[in-house]
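You will see two complexes here that share chain A, one where it goes with chain B and one where it goes with chain C.
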Partner chain A sequence: MSMFRAKKLDLGCFVNTKIMRDHTKRKVFAENEAERQALRYIIHNTTLPARARAQAQLQLSQMHCYTRPTQIRNRCILGGKGRGVLRDFKLSRFQFRMNALAGNLPGVKKASW
Partner chain B sequence: MATPSYARSLIHLTKRLRLSPPAKAITQCQIRDLSSTPQRRAEAEISPRQAEKELLSVRLPRAVQAAYLTPLRREATTKNPVCDLQLRSYSVRNLEAYADFAMRAAYYLNLPAKGPIPLPKITQRWTVPRSNFVFKKSQENFERITLKRLIQIQDGHPEVVAIWLAFLKKHPYYGIGMKANVYEHTDLDPLKDLEGEAERIKKQLGEELDALDRLALGKDSSEKQIKAKEPTVEKATPTIEKAAKTKQAKADLEAETSSTDKLAVASSKESEAKSFEADEKITPAVAS
Partner chain C sequence: MSVSRSRVVDLMKVQCRIFSSIFNPTGQRLGNKILRQRLRGPTVAAYYPRRIATFKDLQKEYKAFEMYDETEEDRLESIQIAKSRGKGAPTKKRTAAESKKNKGKKK
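What follows is the complex of A and B.
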């Protein structure tokens, strides 16, 4: 959503619409994490009055979808690909292969056993 | 080893590694003669082969010789682990060389270190398709093996251990990660220890401490008295002087501790132990 997006580009890696979107989502989630957790706590706490819990539920469901952690998806920092991204390197599988063969990834070698 | 010591590369300092064959170095010796006459120069000229032979026969200084041998180590009096240093790397050579360096540093700091213990390797493997799109049938395997070495300091003053760690941090080696767990050992009954400390401080400071207490208690009341009566100001001043004295005494104590610390590093094992005792006596007094 454009309202959350930074006015100026605040990314240094490969830039792509999807990467920018993901970056914004991460920032929005980080901002609202405490609030989300508080609401979640109220909802899960059975000792609290039912009314308060119901209100918290409503509030949580009405928060923007960008504040949800499930919206975040790891993307390749070199190609912006969203699938087949290796967590250890933040690279998609083909980028990983190219860089590993080029020797850019310390310690990664071709394996045979 | 036909090559003279100065021609060998630094990596061969860790001779026990024997990871690569020693490189043949070209040796050319030019020995300058200070005498100006050409005759004498001709007499003094030595063939390079002979010079090499003579150079080889010269004994190296002990400290340099030690660099070619396995690192020396100190005997631990108690087996209490004080610090666990874990070194990690992807390459054996770097790791071995640096572990060696760390062991030597520990020796010269009078720290009993338990040799580089190889810990289990971490092997990570990834399998990816060779192509950028589909064709899953042909894939490629990659792996990354993390090697680990553990160096345990078994008995040493925490401050010396901190110096050792700082030294290693100051002289890092490429491609090596370090992680240290530092342990502190205390008595099983800390309360008793603290009470003893309090007693000793009272004895050391004596009256001055009482004066400090009085000052702290009487601060509010004295202020009121000053407003009411003038002459009470004269009474209040001596206590302030006393407080200043106690402050000075504390500063002196601190100075003492710092000097003993420096001694601890420089001195030999026996004197180190003594100074440590002194440290333990003094430091809590400063803290409290």
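What follows is the complex of A and C.
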């Protein structure tokens, strides 16, 4: 959503719309995480009055979808791909292969036995 | 040898006081597991590398120095070649008359 997006692009990696969107979602999630956790605590606490818990449930479900952690997806920082991304390198499998074979990734070498 | 329930509860109480944890002998769901979770926001938000100073920023900062931007030079060179072959972009039409000149049906 455009209201969350940074006015000036603050990304230093490969940029496309999906990466910008995911980056925005990450920042919005980080901002709202404390509030979400507080609401979740109220919901999970069975000793609190049922009314308060129901209200917290409603409030949590009505928060913007960009504040949800499930909206976030790891993407390749060299190609923007959303599938087959190796978490340790933040690269998609093919980018990983090309960079590993080129020797750009320290400590990675092709297995052979 | 069995220990009475009350003594175990006392022990738990003292344990909770010392380690400042929640005393909850009946095993109620207090939602403390959520309070124990650490906030993932900062690590999640730091996934993509942030924008750092680029070559253009450096040039803008130090205008007095002559710098060689290879990609920019390559671009200018390719434009030069295209123009010399007559394949360059058409010149910008400044007036309405100029822009109308070649319009209409193809003959």
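One rule holds in what follows: the second predicted complex is superposed on the first by the 113 of 113 C-alpha atoms of A that agree within 3 Å, B and C clash if a C-alpha of one lies under 4 Å from a C-alpha of the other, contacts with A are read in each partner's own complex, and residues count from 1 in each chain.
Note that a contact is a pair of C-beta atoms (placed from the backbone, for glycine too) under 8 Å apart; a residue touches a chain by one contact, two chains touch by 3 or more.
In this text, all values refer to a predicted model and were calculated from it rather than measured experimentally.
Visitor: Using the superposition on chain A, decide if chain B and chain C clash or fit.
Guide: fit
Visitor: Applying the touch criterion given at the start, work out whether A:109 contacts chain B, chain C, both or neither, answering first, second, both or neither.
Guide: first
Visitor: If we overlay the two complexes on their shared chain A, which of chain B and chain C does A:94 touch? Say first, second, both or neither.
Guide: A:94: touches chain B, not chain C.
Visitor: Per the contact definition in the header, classify A:86: touching chain B only (first), chain C only (second), both, or neither.
Guide: After superposition on chain A, A:86 lies in contact with chain B alone.
Visitor: Applying the document's definition of touching, compare chain B and chain C: which contacts more of chain A?
Guide: C
Visitor: Just chain B (first), just chain C (second), both, or neither: which does A:66 touch?
Guide: In the superposed model, A:66 contacts neither chain B nor chain C.
Visitor: Please work out how little space separates the C-alpha atoms of chain B and chain C at their nearest point after superposition, in whole Å.
Guide: Value for chain B versus chain C, nearest C-alpha atoms: 17 Å.
Visitor: Shared contact residues on chain A, chain B side and chain C side combined as an intersection?
Guide: None.
Visitor: Please output the residues of chain A touching chain B within their complex, sorted ascending.
Guide: It comes out as residues 84, 86, 88, 93-94, 96-97, 100, 105-112.
Visitor: Which part of chain B faces chain A closely enough to touch in the complex?
Guide: Residue positions touching the partner: 90-91, 124-126, 128-132, 140-146, 175.
Visitor: With touch defined as at the start, can you tell me which chain A residues reach chain C in the complex?
Guide: Per the stated touch rule, the residues are 9-13, 19, 22-23, 26-27, 29-31, 33-34, 37, 40-47, 69, 72, 74, 77, 90.
Visitor: Note which residues of chain C are touching chain A in the complex, please.
Guide: Result: residues 28-31, 33-35, 37, 39-42, 44-45, 47-52 of chain C touch chain A.
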